[in-house]
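So that we are looking at the same thing, I have put the structure below in structure tokens.
Chains: A, B and C, in written order; residue numbering restarts at 1 for each.
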Amino acid sequence: MAGHTDKTYEAELKALREKLLAMGGKVEAAIASSVRAVIERNSTMAEGVKAADREINRLEVEIDDACRRLLALRQPAASDLRFIATALKIVTDLERVGDLAVNIADRASDLNQVPPLRPFHDLAKLADLTQAQLKGALDAFVESDVVKAEAVLKGDDLIDALYLKLFNELLALMMEDSKNIRRATSVMFVAKHLERAGDHVTNVAEMVIYMVRGTDIRHPRSRAV
Amino acid sequence: MSDAPKVAAKGLNAFFGKTQALKDVNLDVPARAVLAVIGPSGCGKSTFVRCINRMHELTPGATTSGSILLDGGDIFAPDLDPVELRRRVGMVFQRPNPFPTLTIAENVAAGLALNGVPGPYQERVEKSLRQAALWEEVKDRLSASALSLSGGQQQRLCIARALAVEPEVLLMDEPASALDPIATARIEELIHELKERYTIVIVTHNMQQAARVADRTAFFYMGQLVECGPTEQIFTNPRESRTEDYVTGKFG
Amino acid sequence: MTALCGLAVLAAIVPLVSVLWLVVSNGAKGLSLDFFTQLPVPVGESGGGIGNAIVGTLYMVALACVMGLPLGIGAGVFLAERGDTRLGGVIRFTAEVLAGVPSIIVGIVAYGLLVAPFKHYSALAGAAALAFLMLPGLARATEEMVRLVPNGLREGSLALGLPAWKTTLRVIIPTARNGILTAVLLGVARAAGETAPLLFTSLGNPYWNFRPDQPTASLTVQIFTYATGPYEDWHQKAWTAALVLLMLVGATSLTARFLTRNRRARA
């Protein structure tokens, strides 16, 4: 079936979609760079992440504006409405993930000034998982793929489990030697930021399911019976 | 509140000569609620509504088959008088059509006076004008010509005239399409009030109007009923892709 | 360009004005109360009037209306409501043909049908001929007027639960009333001005007559008789009678315009 009869409207929706994807890409890059800044002890990269966050924030404002404009002028219905409602929500989650990347970059700057604690295997794994989740959610959005979105929702359990493991290990380190406390806390913050990013990514996945299916699956236990 | 629909079309087909305008329509109209009928031009929505008060067959060569039940009774039954039916099922048209030679009060009472219902009619005229939200504006000039009113007022006058006969169902064929936005808003407000007492079927080519006014919406395409459901569902998450395409503006 | 238009207007107005001028200037001198109220006097005497002719014309036109209006208006309404059927087509065709029949032929037909079998001339025959002449124009004009009534009114009335016949009678016709009235008055004006058919049917009568089965005087025939007669006196009376006829026709047209003036307030 042909696109919207009004080609300008069609173009506006397409532009919105592209902006969202651009933002998603930048957020993916931010997380990747910030994690590498920690693991490879690269302070320049950390600075780069902080600078790049401005772009992400700018995109958030532009996307919100575009959504409001479409709501006011186009009275979108059905799938168009759900797309725009989704856009409004996931742009917030993506921007938060961008902020979390900046926070990780800050931790990287701190950690790079002191000798390393020990190899960050588990942290690297946590980072990989989080990045995979983010990619999965963005792919699900691009392809309107409910299966991928549901996989992301399930995958969050792995992140939570790995975070818990890392938390306990770091706690043990701190109890071993009080000189470790400063560095271990920084690493714990990084892990926490990654875990929070994972939660935001599941929000994105939930909204993708709403966008495709039209049913809002969030907070199942809090719904009125 | 009974669950039985006020009007139920079953296997309804309608023809203009050999051309089929409606194909096998099965549609329930819930009582004391507003059903909007939407669809692109020529989809059969006006034809459907004009079958409900049997005005379709007044066009030369127009026929129907299948049945429409009003409170369970088939309106096409051979012993049922269409003229009687139209006293139970009233209609308001796209262009206001007050009788030009009658005053405002005479217009409202026309359905009663011309049908031989004994007068006096003042009370019923006032009641109908109040129901149509027109009383305050015309109470001091009831004997003025009906044509001295604005377009929006004339349309509300026609609604009052239809209500004076005390129908059970009110059919509205694009009642606001000839009116400006403020007059349209007043008609829509009126419909909200009327649905407490009447069953209303409104044909509209303005989707946003259907979204504002209707409890349920039926989408017609090329003579067939494609989908019918709660208005919110039709406009946020329709089941059929043709409905989806229509409400998002991909055609029509 | 404007000059050419002005010339055209003049060319159209000049004959009208000259007719009026001639009739008024020649006829005015004969006007008197007697003229309107007295019977014609025998040849040679002066005075007298054409009271019987005026009354005769009015009488026969009234009879023609009684006969022709129901038929003409009824046909017009039928054509407007059901004109697309075969019968409607036949009626319309008949009306068109009849409209073109010369009035003298109509007179001869009326003679053959209503005079010869009864062996005398009558006002009724005259009225019948006039009705015949009024019919086609009245039917067509009524049809036009009824068609002008917007279909929305018909639908609105039917939707109120009024049967079709009541809709036609109580809604459509009253709405078209002004137009139909104009058509009637124009038909009347035409009938009042016919001469040829009356020659074979009502003939003429020197006295007052109110019986339909007797010959009757009429303005037009009287003008003919006086104008072609040998007496100067008669010629004068012819001019005056012509003026009276013009006044009658003029009054009818003015009444038509008055009655159909726009009484409605702004829509």
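Here is the rule we use: a contact is a pair of C-beta atoms (placed from the backbone, for glycine too) under 8 Å apart; a residue touches a chain by one contact, two chains touch by 3 or more.
Quantities reported herein were computed from a predicted structural model and do not represent experimental measurements.
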Checklist entry - If each protein chain is taken as a node and each touching pair as an edge, is the resulting graph a line, ring, star, complete or other? => result line
Checklist entry - When the mean CA coordinate of each chain is compared with the mean CA coordinate of the whole protein, which chain is closest? => result B
Item to check | Distance from subunit C to subunit B - Cα centre to Cα centre, in angstrom | outcome: 48
Item to check | Geometric centre distance via CA averages, subunit B-subunit A, whole Å | outcome: 52
Checklist entry - Where the centres are mean C-alpha positions, what is the separation of subunit A from subunit C, in Å? => result 94
Item to check | subunit A residues touching subunit B - in the complex, by the definition given at the top | outcome: 1-6, 9, 75-82, 213-215
Checklist entry - What does subunit C use to touch subunit B in their complex? => result 84, 150, 152-153, 155-163, 166, 170-171, 174-175, 177, 264-267
Item to check | Of all residues in subunit B, those that touch subunit C in their complex | outcome: 53, 55, 58, 60, 83-87, 90-91, 93, 95, 97-101, 110-111, 114-115, 144-145, 147-148, 158, 161-162, 165
Item to check | Contacting residues of subunit B [partner subunit A, same complex] | outcome: 207-208, 211, 234-238, 241, 243-245, 247-252
